[in-house]
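Report on the structure given below.
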């Protein structure tokens, strides 16, 4: 059994992690920390876990965490910077769901996250945890940065095109729609039911923190410099990301559909749907899948790729478990193989 | 492996059954019938099942069904009447999710369902499939009538009181709120998003078909004749039933909380929460639990019991699998033990 | 033109008041106060008002307020206690949307609201602002306490029965479902979209602050002592209250439908629907109506009354304007006569 | 008083028209037709109109319609083709909310709408009813084609750019998100609450009927041929369209914000928000406004324009009344000047 610790599990990625870990046959949950909720049973904060978890939140304890095989960080940005090093020295594997280790360029991280980077040397060492590009590195890593939700949907939707240099990398557009859970469980006016239900709006147009992450990763596979216009929208749903991706072909005769199908043929969690499909976010609700539908309106040179994930599962906690499975040599789909909840 | 057939799986109870059976380790799905969708892959109608089910809908075939170990009916009322007998003669076990075999009084059934009963002799033989009252009979049965969604929530909420004759059985009130999926996947104006979202209304006040079912079953444990005022409400959510139950105590000194805890102490899917809890329907979303919160406002004689289930899981397809597990001697929680999807 | 001031307009009752006042032909909005938002244009906080209001939030100023003909308080409980007296001395009329002056029994108010009452003498003087019972007193009042949302729906639904002593006043039940806006615009975890959407729960069972208000007012018309079990539920919608009321008849031959129709025949905002109707909350969304549907299941002695309002309109700001119209001798329906927004 | 008839008022544009006309001071509603609902009070189908409309649906009667000053068609495509001519001969003005007269190219209309055009000569005569481009022609017209919902949002968002030839007209992208009411009140599985709530999907990618309408109208102001990629999305909300528009600048030094502000300075229903604003659809819910926010990410050459309307108001019935006001010389804002319903 893998001894697991979770630092900071009071948010939505936390409860999603607990939901999935509770059914993981190889996991023993040793500690779940929260300074604010210390002493309270986890299932009191999240009654959905009653009958599945008998553990209480506790103040983070270095010794207890160091005795774990792996520690997940589901913390605000900056926290893992300080806590990761001693755990790693103790031999613990780290899976960080925050943005602390996603960006390699320290100055860039500091610019977008508005704070000093607390562990630049670890950022270099960290493996970016997208299994579809980094499976082997993840398996061998001690520290993995779990990708952001938007970056997961956008990368999986664009990768085959960039890997084959089929599109103009300098004019990419990602028009993304996210459920409100992407904003977290914090008490913010903008996330209130009466502010976000039955309405739609863009936000952080061209200025979202996931933008540099996407560009960094896409650039690794693109010869041409990547320029992306990223426009996220707050959508009146709980979970789900729908990325609508626009890319202009620079070749004519190419079977895009086959390309995608070949690229992902061995990927357990990427589903390339038949050409012209329009995947619904609910078709991945609570599941670890990314579903992709490819369109080429009027046979023109502008491709429209629809890529949908559950932001809390493949976009965060499900992917984190996929990473853990890889790091511990378990079958990659363990505990994250269930179909979506529909309706 | 248990060879399973499903008759009529194009509705919400159907897709929920498929979602759960897809993960059942002892089940082999042999046939999924639908006249209207025959020939179409199940996962085309329900893309959430892509990667999990490789089967197509087919026209119901007597021979194929007769070769199954168990056949689920997820059909409109009346259909199972005609199809059950030959399958039973062939030794097939039947789990009927429709109302065809729930009511013992044939005339009563005909009055409420507005059609002639097609199999009175089977109605007598059928076991009412609420495991919390009929576990042994279910295990031994060949034909089980899966309880309705409202009846499940209401019975589990009231049973301990009636079993101990603690309340006035002639003045029971069940004020119930159901998600829209309770109305099925049929194309009806009243179930449209723009008709049912962001609104609340009562319907079928004192005249809902689940009323005679509840009264029949509660009467089995009550010495006093049962009279129930049942008021269902259409609530703007996809899944979930919240039953708010009002019952007047006829004794004074009684520890209701302990009574409930004792009654359900060995029930894997009934969760008696601490006294005064207010269970949320989302705490059981997609799970097979019933959570119960008990209230006694101002210590008076009117009890308020909150009982919540997911209408498609414990209220239908999850319970159907619980029944199947019992009928085949499997651990009762197999394939239906996952926590709720929250948020 | 009536010179109007609003104290504390950053919440949902505030923006609803502004929406309606913006179209009131006899109103000149002189000041809208908010300490937190002082200096910011009202239409910046509420872009829905762009093009309709050119005013900025300002710090409450005694002189400016005293120059108004009427001041609305849309403030947290306790604020109006301190501010009302000097304004009244200056001849200003006060319409208080908070609970500060709703309860006549000072000790009772202090018990339920957990603070010392700041203006007991005004509580005595204040008129309870339900036009359907207090039209003349409101017209003559200087200080009116605008009823709570639940109390409005419950009183209008039960009044005719109690006025004629037709039901057992000691066993009343109000099972109420409210939209999330009833919880206000404050940043609270429980009001987040991801906590309250697609779910249903009871709260404050038998312990809601509106309970003593309802009992106080119903008692005024009931000879028999009133005992009410009040169970509010948080419902996944933005606006709306659905009160399902249970009352036991103590007479046999009575035409309840006619009774209600007669009682409300001259009420512009109470709509008694045909017997057996099930009013939807969306049928009053954004409007000042209360719609009532009367049921007598199986012709028995338990009446089921469905009473629906928009909690922010008839349940608060619309009613406040109805009160203002009465206080200033305007046609009662001015500016609040529009139909509901449906769908 | 203007004598008004409505043909086909059982859908969402119908009830929206009725909601707004009910408050129009210059309108007398003479007839509301529906073959299916003939004889039923309009307010029975739409209880939100109780107390406002005393009229019953009736079978369309040529004589009654011909006695009207203006007739609105809120009918399925093709119906107005057959009925408009005789009414026009009788001197009646026609405002058609369907697509029957929006497209000038008859062959194009027939291709996209899959039926023979029933009145080509009227299509030529019809005025396209976007007041922001065609105010004078509308005022003088006898037959006006009310623009589609998407076309309204997209045109208002792009017009200033095309009028000044500032962008590459051959690479326009409109990524649009619509509420479910855009799909109408017909009983379709895809519009069910349980199919469309809490989910997001694209549909008719590059193949939506509003595409030729948009291109036709934009082409009128663009010297360069217009090529538009139009990707509509079904969004889990009742009302609202959010058009996110991407256009590539072909000039460098230009103050886009001023350009928009100048273009719409006299438009009562187009609100150009401050540069960088992200309008919410709820800020126009139930109102006739279009709100626009302009973005230029990183000061680059790709403009992002956010344009929001209520699809049933400015996108249909509100605009129809704006058209009527123009046709009858009334103040343009009559009866459609109310602020949005928020929250």
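By written order: A, B, C and D. Residues from 1 in each chain.
Just so it is clear, a contact is a pair of C-beta atoms (placed from the backbone, for glycine too) under 8 Å apart; a residue touches a chain by one contact, two chains touch by 3 or more.
Bear in mind that the values here come from a model prediction, so they are computed numbers and not experimental data.
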If you tally the C-beta contacts, which comes out ahead, C-D or A-D?
A-D
Chain whose mean Cα position lies farthest from chain D
B
Would you kindly tell me how far, in whole Å, the mean C-alpha position of chain D lies from that of chain B?
45
How many angstrom between the C-alpha centroids of chain D and chain C?
36
Taking each chain's centre as the mean position of its Cα atoms, how many Å separate chain A from chain D?
39
Per-residue multi-chain contacts in chain B, two or more chains:
12, 179, 181, 185, 194-195, 197-198, 236, 238-239, 279-280, 282, 285, 343
In the complex with chain D, residue positions of chain C that touch it:
12, 15, 19, 22-23, 46-52, 181, 185, 197-198, 238-239, 271, 273, 279-280, 282-287, 289, 291, 312, 337-343
In their shared complex, at which residues does chain B touch chain D?
12, 179-181, 185, 187-189, 191-198, 236, 238
What residues of chain C sit close enough to touch chain B in their complex?
171, 173, 175, 177, 179, 194-195, 197-203, 205-207, 227, 229, 231, 233, 235-240, 242, 244, 246, 248, 276, 278-282, 285, 293, 295-298, 300, 302, 304, 306, 308, 343
